[in-house]
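Common to both upcoming complexes is chain A, partnered first by chain B, then by chain C.
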Partner chain A sequence: MKEGFRQSMAWLHTWSGLLVGWILFLVFAAGTASYFRDEITLWMKPELHSASQTHAAQASQAGAIDLAQQTLEQRAGNSRRWFINMPNARNPALEASWIPAPPKGADPKARPKRREFGSATLDPATGKDLGTARATRGGDFFFRLHFDLHYMSAIWGRWIVGACAMCMLVAILSGIVTHKRIFKDFFTFRPGKGQRSWLDAHNVSAVLALPFHLMITYTGLVTLMFMYLPSGVQAVYPDKSDAFYADLNGGPSGNTRPSRELVPLAPLGPMLAQASRIWHGAPVGRITVSNPGHANARVNLVLQEGRDMTQALPNLTFEGATGKLVAGTETGQGSGALQTRGVMYGLHVGRFADSLVRALFFLSGLAGCAMVATGLLMWAVKERPKHLKARKDGSIGFGLRLVDGLNVGGIAGLLLAMPVLFWANRLLPVGGTGRPDLEIACFFTAWGIAAVAGLAWPARWMWRLQLALGGALFALLPLLNAATGGAGLASSLAHGLWAIAGFDLVSLVLGVLLLYASLRLGPRAAVKPRLAGSAA
Partner chain B sequence: MTSLPSPAAHPARPARPHRDADPGTGLRYRAGVASRTVAAIGGGYLLASLGTEALARALPLAPVDNVVTATLAGLVLYPCAVMWSFAAASALRAWLGLGAACALTMLVLLALRALGGAA
Partner chain C sequence: MSGWHDTFLAMLALAAAIAGFCALSLAMDRHWEQLQGRGAALTRRARRRLRHAGTVGLLASLAACIALRGAGQGWVAWAGMLTAAAITLVLALSYATRGVMRLGWGATAAALLALGAVLLSGDAIISITSGL
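Right after this comes the complex of A and B.
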């Protein structure tokens, strides 16, 4: 639109990235945290730290499933649906949860919110309820925040995040075509040179993990693509989206009304054993029972995660009343198209990943955060000299001031709010109703204050203050953990509780990095204006 | 429409800075950007939507595979349409290009719908 293709794409890259950059930073940060969703949840339930220590030994699947079934029949006999997560390497406990029975006279179509689910955490060997843990949404908060946002309906959140993700895809693609020397720039870093340094930092964080950024953005859209782009579904399955999802997922959804006839559920143990035999001895991961205790009960068993990249894992459906196998797949291999989607979905959520790959995903996610943040900062750094030149009196225009303020609140403010959630988790009194929401309110209150302060004083000292606060809160989390009933670093390292030790160590490193960033922004390190103003 | 009066296009008055010479302020420039943005967001989505439907109807695979393949492709078509909207030499050409692509896809789609109805 200006002189040539490359310039117009550079323009598109700038604006497509800038306008949604702050939401993208949130989505990237929350998504990166979600790779360790289970570990975050465990950290946020210090009552379970000692339990996970003693029950690291694997209990037999057959024994565990019987215990889960007994517990669910006692505590959720009237529920419409049960979920059982079998113990695995990342979570040694047996997790049983259920959708509570709808109250009499309630709208049968109204679906309960996720946080209203009942749940029990059981010792897989003895069936003892370990669930004396505090009420918290744990890592699930970041997982949901990543695509549903918060304080709005999930549908709105998903459309907003989807639109931002599409802007991100446009920004990545136009960023690639803008780039003249993608290989050379990867090895270029010129620190302490104002705008050039920001450009180099942006290039390195973007190019370093470029395959990841491209993959994660596209596959993120893939996870909800039938909502974003429904024309294909509507054309081929007019008015039959249930039939489409049944074809897609290899079986009916099980979201059927319970039949009137009551028939006790057959034991789940033999179904589990049969499934394991069909899968050549591989263990079952997740079990869903629809309409337990009714004649039309269905039991769906899914292969344990971590054995296949695809999200479309093999699953088997049994008749609940008789225990007869009615549908399912031995392997997850569908058609080419279904496999492609399954692997893309799987790549995005990364549940197949072992510790090393998971850590690499996490680091790539951090690089994504850095890419978005440096891009946002670069816009302000580039714009400032123009404003100073045009106005002479040292003031800046409204747009730049707004971006400055949003940068402080959106980047430093979020990095301050995230540890506040963990502090609230440990310091709020245990017990009482609405505790999970209170934790989340603390997160958003801290972020809100940081955002308002950032918009009011978008200055270097505000950056330093917020980064230092966030850094201190992160770096002190290991101490907080040990002081408020969790397994401290000494204990967790000694007992091999890698999930808890990992959380503490990563927090410490993040905290130190943020403190270092705050220190680097000190007056002596200030960039000379001459360099900051030089053209790229 | 938004092609800017570059210095070479006005050899008669090269020294005099014209208001339009700053690409960030000209009204025409801004209208052009707004127009391209609407083309990119609205027109791009329409094209992606039509393209997805046409592909979903045209592919010879099983119904569910048609839908999945077409939707995966549609997600790529959208950003390409957005990039075209801003790469085109003028806002008018951006609209014309997108309009032509949409019209062509619509024609194919109508043919496919007619065939699908007959079968």
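Right after this comes the complex of A and C.
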């Protein structure tokens, strides 16, 4: 070895980070937003804002489940499967959805697509259909974007994201080796010193949230481990991945055919009460009914999220026709491997988190975004003097120009596209088919334009323009919300609608920060010609 | 009652972490000089005291997190609290250097107040006072 260990690690850190950095920024940004997936969805359905404040608190589980059962029996009596999500602190509405009955003569094995599901959003206290809300993917868009990407099959997206996550893990570990002064520079940030400041910012955003970065990258790979490393499952469950997942999650296995004999479904309320008793009073979260109305109907109840860290939540199965408990667990215990995976999965998605821990995860996620962004920018900042020195005429090479362009489009462009989605959500006409896709098309159109513009003019003024636009769009979201039928900041704060108020306030803060960044790139900072063309 | 109890515990966790990191950063030459001017040196005793105080602060924060979220999730909450507190301190040291001392004492006072409130709103104390 000609070079020292640390130097070779520095090389590894640079390239494993840079080559996938723009996708990592997308994954981090969308993932960070996903911690508030339900809140984003609620914000994007302003029709539900006023309803969410009135009844959620009073509604009892027993009352709500009766209402859901009535609605489903009326609207989806011959469906193969029902899903009910009980109201909780984060989503106060009662959600009922169902797989429509397959048309006669259709292939019984064909799986209906998610978008073909029927669904109803109900007021948990009165059963009134709140279904007047606009069609939108809401926060689910960011959640899916975070690991499925978009405009490609989910499988491809997951492979790409997985490869990038692996690079991220390599970059983190090699970064720890490269960073000589983790503790000496623990609190060190020296602003206004060019390259030095970028390195400080990169170090601080990485080191201070290091437990989170390591955890989130590793557990991210764990969430999709059966896809990345399928051999083990295939060896034990050849050609029967359905059976594997049924065993894994303890839910009802696959799609059993409905029996011929018709028996009305027993009331769900008593099953819910029994489950709650078994779980020492903890509420039920999700209910799945397969083959309702048939003799072999099964009802599966899962403990409500937001308590246990593990994703492998305890669940109970009842016989639908008689209401008799047939299988289930009091706690989410399983084998050691199962529990380990459950906790890692749970840590990644953070559904156990209350609002405090959720906010801390969000903050750490922002630190992750900052770490990736400063890392990408630092490569350009370090490279620029070399180019300027070698070329005398002030021009730069293709590679640096490309990175500059991708940095503008990948960082500032994404921060511009995210608020565009929210603006599209409020300004596109309500109704009409394909509205959710249209919102998403607006997001990608804005991002595409920003990326092309960034690649065409990778200059300081382009940074300023895109940051200012993104900042303004973010900062004005509270006004947009109030003006287009949502609960405005004054009303949401007064009524304790923390989900809506929080969205507005976080948008405002993000917007102000982006505007400030744009301002900081102004003429005052341009005094340092060494760094011209990049963000300094 | 448990709502307030949890709120005080969360305040204690954050304030103690900020106070702890304040002490730990001031025990470092670079940051001590930032505050006291170049060449200002810490005595060995003062440095040791700052380090001990910092350790106590961080451990108090851990204890509060575990009291708040249980032994498993408490550690997760603590990691998040440390991140939030350290970011606060980095920003303070860079942009409001003179305010760091005040931040440290303020956070210490807030932590002590929160600790008192935690004890007062805790079940043990409530049962004692209601028994009297």
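The rule is short, and it goes like this: the second predicted complex is superposed on the first by the 488 of 536 C-alpha atoms of A that agree within 3 Å, B and C clash if a C-alpha of one lies under 4 Å from a C-alpha of the other, contacts with A are read in each partner's own complex, and residues count from 1 in each chain.
One rule holds in what follows: a residue touches a chain if its C-beta (ideal position, glycine included) is under 8 Å from a C-beta of that chain, and two chains touch if they have at least 3 such contacts.
These figures come from a predicted structure and were not determined experimentally.
Student: Check the residue A:352 against both partner chains and state whether it touches chain B (first), chain C (second), both, or neither.
Tutor: In the superposition, A:352 contacts chain C only.
Student: According to the stated criteria, A:326 is in contact with first (chain B), second (chain C), both, or neither; which is it?
Tutor: neither
Student: Return first, second, both or neither, reflecting whether A:390 touches chain B, chain C, both chains, or no partner chain.
Tutor: In the superposition, A:390 contacts neither chain B nor chain C.
Student: Of the two partner chains, chain B (first) and chain C (second), which one does A:364 touch, if any: first, second, both, or neither?
Tutor: So A:364 only meets chain C here.
Student: Go through the superposed model and pick first if A:235 touches only chain B, second if only chain C, both, or neither.
Tutor: first
Student: Give one of first, second, both or neither to describe whether A:452 is in contact with chain B, with chain C, with both, or with none.
Tutor: A:452: touches no partner chain.
Student: Please determine whether it is chain B or chain C that touches the greater number of chain A residues.
Tutor: Larger number of chain A residues touched: B.
Student: Should A:402 be classified as contacting the first partner (chain B), the second (chain C), both, or neither?
Tutor: A:402: touches no partner chain.
Student: Would you sort A:191 into first (chain B), second (chain C), both or neither based on which partner it touches?
Tutor: It touches chain C, and chain B stays clear.
Student: Hey, what residues of chain A end up touching chain B and chain C alike?
Tutor: After superposing on chain A, no chain A residue contacts both chain B and chain C.
Student: Using the touch definition up top, name the residues of chain A that touch chain B in the complex.
Tutor: 1-3, 5, 8-9, 11-12, 16, 166, 169-170, 173-174, 177, 218, 221-222, 225-226, 228-229, 231-237, 244, 247-248, 335-338, 340-341, 344
Student: Contact residues on chain C for chain A in the complex?
Tutor: 10, 21, 25, 28, 30-31, 69, 72-73, 76-77, 79-84, 86-87, 89-91, 93-95
Student: Along chain B, where are the residues that touch chain A in the complex?
Tutor: Touching chain A: residues 2, 4, 6, 23, 32-33, 36, 48-50, 52-53, 55-57, 61-72, 74-76, 78-80, 82-83, 86-91 of chain B.
Student: Chain C touches which residues of chain A in the complex?
Tutor: These residues of chain A touch chain C: 184, 186-191, 204, 208-209, 211-212, 309, 347, 352, 354, 356-357, 360-361, 363-364, 367.
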